[in-house]
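Next come two complexes built around subunit A: one with subunit B, the other with subunit C.
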Partner chain A sequence: MTDLAVSFRGVGKKYRYFTLDKIDLSLPQGQIMGLIGPNGAGKSTTIRILMGLVHQDSGEVRVLGRQMPGGQVAAKWDIGFASEDMRLYDSMTLDWHMSFMRSIYPSWDESYAQVLLKRFGIKREQKLRGFSHGQRVKSALLLVLARRPRLIVLDEPTTGLDPVARHEILRELTSAMADESRTILFSSHNTQDVEQISDRITFIDRGRIIDSMDKETYLDRWRRLRLEAPAGIQLPALPGIIDVKQTGRLAVATANAFEPELAQAYERTGARVQQIESMTLEEIFVANVEHSRFEQSTEEVAA
Partner chain B sequence: MNGTIIPQLILKDLRLNRTAVIVPLGGGALGIGMFMRGGLVAVFGIITFFTAMILSASMLPTQCLLGERKHQTLAFLMSLPLSSIQYTMAKMVTALGMFLGPWLMLVIAGMWIILSRAGVPHGLLPLFLTLCVLVLAGMCVVTCVDLVSESEGIHGIAMVAVNVSYGLAWTLIATSANVRAGIESPVPVWDSTILSVLGGELAFIAVLLGLTLFLQARKKDFI
Partner chain C sequence: MDEGFIISQSDKRPIYLQIMEQIKQRIAVGDWTEGQLIPSIRQLAVDLQVSVITVKRAYLELEREGVIVTQQGIGSRVSSNPGLGMRLQEQELQQHLEQAIRISALLGIRPEQLEGRLREALDKIATKELV
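Right, the complex of A and B next:
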């Protein structure tokens, strides 16, 4: 037995124009992880490897204690998956889809399905072809949640949804976590959604995991320092600072390991700390991606 | 959790693709009806009969296999407790089963007409069966190509190739001296040419299905 719902160790996958590079990822049971990355970062490939739909070239993937892709059939009994590009059968009703899922999963919870139908305001007798995008997403989520899976994997579930529908989806995901043994992994490029419900956050860019930790740690460690440098002095990037942008005497330093001593260290260089600002998850994400890309290009030049 | 969901997938496809069975069956029945009228109408009946069969051989793989990818329902299916090889088996059973049902009904009806209708030589039976099995082989080609390639473009190429090969094969078989000699016979003549062609068609189908399963089992990226 393991207390990790998902574990990636050195997972690689090479395509002609894209490489997933030695991915390490751990998601403990009972947590919600948000996988954030720009378009084409490797989020969907990572999730497809997790589901056993794409086989990794190297490394080890374990999901709910099963080795993937070999154990995918057994693992998928306990995984609920939905993705932004996934469609249901347009010519059939939602009721038909519910019956289909019920015929497969003994764990199907009809009373919970009824509750979800009401909460989402969708009609089971209606054909999918008549549903809006939001209603389709809600239908897919209903089919996932009413099975009561141990692991829920969602690839860009809120993309293209209006704010109300997004709120409904996120609220339902949060309430699904009332069962402490349930785990959720969801990918998005919308940092607001991820910030709202995640315990852990993983940033991915250009096929590499660039950072992964719990949300509070991110918000605690990342700060923006507005500094005024002495005339003619270029402020250095001290340890814990990933970027310093200086225009004349005014500088902005971005810290990814902020400690109060950092401000004192700048003051010792003669700078005046004007302000220390918290950063939003979106700002942290963008700064993280830019820093990672800068480091990557430096490595490539050095090589 | 143990067990396979292949039966549920087959039932789902039967429900979703009913028209691909009903339409060719209706066309085949119409062809048989026309054949029974005799004269020139009978010739059109034969054409209608085989057109219905060929149409079914094209429609089923398109709806049953390519439809999942085209309509983006494949991700939904593959989120279920199913491996790629189980998916392939379910689709093979469904597509071939749905084709074989009407195919068998039409073949039996055609055989009954040949054997019961006055003025129709029983010697037509071996040729009729050979041509029907050829359509079955063509359907298997399209099904297997669709499963392995998952591409509408390649499906189109396979369809053209199969349809062209029908014409070539029918001409070759029907113009064979042995076969021509047997057609007019009052009893079915199962000579070595007919048996070789029939055996070759069945062996081709078996090899094709096995090869498809082998290739699907080796696929690393399913979506």
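Right, the complex of A and C next:
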């Protein structure tokens, strides 16, 4: 169980306008990792390095026990990858694409492919040209899943989908995890998808990993404290608190390392704790990005 | 496939708490009985379309509370604990009472006022339904 399907150690890549900064990442086999971050944060670059499509300048990447990019040809038999810019041939039918995959991959599972066709409501005899965006995404996922790869890597699988299609995709991804030896890594802007199905969360912003840990621990560390301050007192940001917003006597403190002790510490300053709320991943996402950018900008000023 | 679990996105509580509550309700009403084998963590995760780690968290907490018992290699069962269903209903009542106290504190209602309100509510329902 502790076998790592994916590990990054100090991985860097420099472009003219973007730098991926010493990324560390580990994804145990049997888990789903959600990679989140704003546009241009480095999610796709990270995925491309993982796939051996882009070569890192420094650091070590291991995927299913193979060193990348050197082992990419061997590793690809076990990895299923789908991204938005994946080439499907418009003038060909889905059936043609399926036969093509079947001829290359001995692991192709035709009966599973048929089940997926039915669940996704797509027709194998139809040409890709006539497919909607949602149908294309589902086709791409079908072509990946029916190979039954050990590692599934998806770049923005749910972007631009209607709620029903999104739901269908999430259902197939979680069903695929009934097999404990399978691992999924996917990137998304949709924090709700990530919160729902991932075991681990990795946050990227501006080429840096801000956080990477198991989801339950992560969500548990963040809390919003609603406080009532004594008249005329500005409440401090105690350790573990990244932000305090106070207007008049009412204050909201955001904790990224919450302990029950924190509430007591505020009460000792004379404040009354009205409520302690858990936060959604979406709220955490925004608070975290703002906080890390603020820290980065103060670092730059100091340097 | 275990139908009937609803993970609500408008419910502000974390998903693991929602799972815990729905398992407790099943036991409280007697749908899941003492000693009964319940779905494996991975199976329930697949059924609910949530991550394994979330269901694992819910099961761990339920085990800590003595609601279920997990045996390595066998699975999890509803614990054989006489009166468990009653205790869970009792807990649910307690939670509702505490929630009422919190909301009234936010509204600035004093404890004696809250007592009065509770008595009023009791009278109202008693005359309508219980008689």
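In this text, the second predicted complex is superposed on the first by the 300 of 303 C-alpha atoms of A that agree within 3 Å, B and C clash if a C-alpha of one lies under 4 Å from a C-alpha of the other, contacts with A are read in each partner's own complex, and residues count from 1 in each chain.
In the analysis below, contacts are C-beta pairs under 8 Å (C-beta built on N, C-alpha and C of every residue); 3 or more make two chains touch, one makes a residue touch a chain.
Bear in mind that the values here come from a model prediction, so they are computed numbers and not experimental data.
Visitor: Let me test your reading of the model: by the given contact rule, A:Met68 touches which partner, first (subunit B), second (subunit C), both or neither?
Guide: A:Met68: touches no partner chain.
Visitor: Contacts for A:Gln275 in the overlay, against subunit B (first) and subunit C (second): which applies, first, second, both or neither?
Guide: Touch status of A:Gln275: second partner only.
Visitor: A:Ala5 in the overlay: touching subunit B, subunit C, both, or neither? Say first, second, both or neither.
Guide: After superposition on chain A, A:Ala5 lies in contact with neither partner.
Visitor: Please indicate which partner A:Leu227 is in contact with in the superposed arrangement: first for subunit B, second for subunit C, both, or neither.
Guide: In the superposed model, A:Leu227 contacts neither subunit B nor subunit C.
Visitor: Using the touch definition from the top, say if A:Leu88 reaches subunit B (first), subunit C (second), both or neither.
Guide: In the superposition, A:Leu88 touches subunit B alone.
Visitor: Could you say whether A:Ser103 touches subunit B, subunit C, both of them, or neither, answering first, second, both or neither?
Guide: first
Visitor: Considering only the touch criterion stated at the top, classify A:Leu142 as touching first (subunit B), second (subunit C), both, or neither.
Guide: neither
Visitor: Who does A:Lys76 touch here: subunit B (first), subunit C (second), both, or neither?
Guide: So A:Lys76 only meets subunit B here.
Visitor: Using the touch definition up top, name the residues of subunit C that touch subunit A in the complex.
Guide: Residues of subunit C touching subunit A: 7, 9, 12-16, 42-43, 45-46, 49-54, 56-57, 102, 105-106.
Visitor: Any idea which subunit B residues touch subunit A in the complex?
Guide: Going through subunit B, the ones touching subunit A are 1, 5, 8, 12, 16, 71-73, 75-76, 78-83, 86, 220-223.
Visitor: Looking at the complex, which residues from subunit A come into contact with subunit C?
Guide: 30-32, 170-171, 174-175, 177-178, 180, 192, 195-200, 214-216, 219, 274-275, 277-278, 280
Visitor: For the complex, which residues does subunit A have touching subunit B?
Guide: Touching subunit B from subunit A are residues 48, 51-55, 72-74, 76-83, 85-92, 100, 103-104, 106, 140.
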